[in-house]
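Since the structure comes first, as structure tokens, the remarks are kept for the end.
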Amino acid sequence: MIVIFGVFLLTLLVITAIAIVRTENLFVAVMLQGIASLFIAGNFFLLDAADVALTEAAIGAGISTVLFLSALALTSERERSKSSNKMLSFTVVAVAALVLIYATFDKPRFGDPNAPVQTHVAPWYLEKTPEYIDIPNVVTAVLGSYRGYDTLGEVLVVFTAGIGVLFLLGSGAPLGSLPQEKINEGLRHHLIPRVVGRVLIPFILLFGLYVQFHGEYGPGGGFQAGAIIAAAIILFALLEGEQRALSVIPARVLLGLVAFGPLLYLAVGIAGIVLGGNFLDYSVLSSDSVTGQQLGILLIEAGVGITVTGVLLSIFHAFAARGR
Amino acid sequence: MSMLLDILSWVLLTLGGLSILIGGIGALRMPDLYTRMHAASVTDSMGAILVLVGIMLQAGLTLATIKLIAILLFLLISSPTSSNTLASAALLAGTRPFEEAHQSDDEGKE
Amino acid sequence: MYYAVTIATLVTMGLALIRAILGPSVYDRVLAVNMIGTKTVLLLSVIAFLYGRPDFLDLALAYALINFIGVLAVLEFFRNRALRRSTEPDRET
Amino acid sequence: MEILGLYYYWVFAILLMVGLYAVIAKRNLVKKLIGLTLFQSAVFLLYITMGKVDDGTAPIFSVTGSNIFSNPLPQVLILTAIVVGISTTALGLGIVVRLKEEYGTIEENEIQEIDER
């Protein structure tokens, strides 16, 4: 029965995707993309990926829409020119789709417990996590410890992307010519959203911290928490004006966060070497190897959370500052 | 007693599902933006209350119930605010109520 | 009984999606996004119980808290657009 | 059941190609980026679909629930990929904004015309 729900959601997703490509109004495309993100998150949840669904929720519901809309405000809302070589592109895409669909017939059955994916390292992770790390959430264990090197790479990619956006948008003559005081006031004249937003912001922050530190026991972790905390502060910036948000957390502090997160991560890794283990081997961090692993995961998740918060907020402010 | 609770929660869940469905039909069939918004937002809150209270009765006194209460509270605060915000934005941009809906995609411009 | 609610929610999501695609105004589409957001919260709560893992209510909680930001971003976008139109009457398009 | 399982993979194929179509056929750069995010989402869905195990549950141990767990590894990969995806999309949007400032347009063909002049 649940498979049928998934199939229905996927059908809605395909319809949304086609509508996104067909519309010429970019604002509508962004709205439909928000809907697509909701469907995707629902599907992740149906496919047992609670952590992934939480990430998609934290990113897709707020930050993605905010970023696309601020980019649209700086560029234009409509597509002007017609598509190039419609027939040719459609043929290429259709042929590729048919090839891919043909290939699916050789795939292992959906949900097959004996598929190659399921029999490689995954059983080992599931079996050994209680023994080596002793936390309930295997996803966090894999993310933080077994594949910590991978995660370090991802954190550095996020870091680099943030630096890239700051380089692109952080300097030079801004485009807009709006009166400064109008821009600065945000939505301060809209009383009802402002009051409600003020009620919600502390709870979102609290929830972000809960997700950060509860990540070992339930769905959550640094990536989700960073996005949720950034969303709370973006909400504040939308309500009170971007300048107020910048005076609460200045750009310098944000830059510090962006740099501090990866540094904390690397420091934990190097501490492992100094204490006589391998790079990112947390077992040596404490006299008891299980406690060491838990401590290491806690620290690197904090590093991840700090990086993601800093990068997402810096990106938001870079786009917002461009509109002034 | 638990039998009674079960029946009550089933009734609530069914009513909630019905209310959600009515809201969906209303949002699709109503003639203009404001009536659609009315259909959607009222049944949104009603459906959320009915469904979540229905689940709460099933969950009993656990952590889950507390989380459900939190979800319900936040939904009850934020969902009507969103509708209000949206309606006032539409009104400010010049969408008139009670007209035949024939605005273009980018109405409110010029 | 959870199944009935899930089916009702999914069908409503479908109806709201039709509204989002048909439009006609941008506000209808924002309304549809909002509707689907609320429905997702309900869907996730119900499915968490359907799976017998009520600890996953965190997801629904996240959506209940964060969905609000999208609408505010849209409002801010409209406000900015109106401001830009009033200060630059000779803007292109 | 068999066909329903295959449907997941077909949706992946269609979604991937819808995204690719937006990237190669559309000339608006923001639209291309939106197509790219669709493409990404399709890949995410494929990974998560492959990690699902029959009657499994999310790989988080709990006192209740079954003892069969879905594969945690694809979930880890995709979890990080989502956040990386939004940061790289933001980078792309940053480039588009800069292009708009330099060329006054975000249509690919118009930018090329200006370059050839």
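We call the chains A, B, C and D, going by the order they appear; numbering starts again at 1 in every chain.
Following the convention adopted for this analysis, a contact is a pair of C-beta atoms (placed from the backbone, for glycine too) under 8 Å apart; a residue touches a chain by one contact, two chains touch by 3 or more.
Because the structure is a prediction, the values reported are computed rather than measured.
For the interfaces C-D and B-C, the C-beta contact count is higher for B-C.
Centre to centre, using the average C-alpha position, chain C and chain D are separated by 20 Å. Taking each chain's centre as the mean of its C-alpha atoms, chain B lies 11 Å from chain C.
Between chain A and chain B, the centres computed from C-alpha atoms are 28 Å apart. The set of chain B residues that touch two or more partner chains comprises 74, 78, 81, 85, 105-106. Shown for chain A are the residues that touch two or more other chains, namely 25, 28, 50, 72, 76, 78, 190, 193, 196, 200, 203, 218-219. Shared interface positions of chain C, defined as residues touching 2 or more other chains, are 13-14, 23, 26, 30, 32, 51, 53, 55-56, 58, 61, 65, 67-68, 72, 74-75. Interfaces, counted as pairs of touching chains, are A-B, A-C, A-D, B-C, C-D. By the touch rule above, chain A contacts chain C in their complex via residues 1-2, 5, 8-9, 12, 15-16, 19, 25, 27-28, 31-32, 34-35, 38-39, 41-42, 45-46, 50, 53-54, 57-58, 61-62, 65-66, 69-70, 72-73, 76, 78, 176-179, 182-183, 186-187, 190, 193, 196-197, 200, 203-204, 207, 211, 218-220, 224, 228, 231, 234-235, 238-239, 323. On chain D, the positions that touch chain A within their shared complex are 1-2, 4-22, 24-28, 30-31, 34-35, 37-38, 41, 44-45, 48-54, 56-62, 68-84, 86-91, 93-98, 100-101, 105-110.
Per the touch definition, chain A reaches chain B in the complex via residues 25, 28, 77-78, 190, 192-193, 196, 199-200, 203. Chain A meets chain D in the complex at residues 3-4, 6-7, 10-11, 13-14, 17-18, 20-21, 26, 29-30, 33, 36-37, 40, 43-44, 47-52, 55-56, 59, 63-64, 67-68, 71-72, 74-76, 79-86, 89-90, 92-94, 96-97, 100-101, 104-105, 107, 109-113, 115, 117-118, 121-122, 125-126, 130, 136-139, 141-143, 147, 150-151, 154, 157-158, 161-162, 164-165, 168-169, 172, 175, 217-219, 221, 223, 226-227, 308, 311-312, 315, 318-319, 322.
Residues 9-10, 13-14, 16-18, 20-21, 23-25, 27-28, 33, 36-37, 40, 44, 47-48, 51-52, 54-55, 58-59, 62-64, 67-68, 70-71, 74-75, 78-79, 81-83, 85-86, 89-90, 92-93, 95, 101-109 of chain B are the ones touching chain C in the complex.
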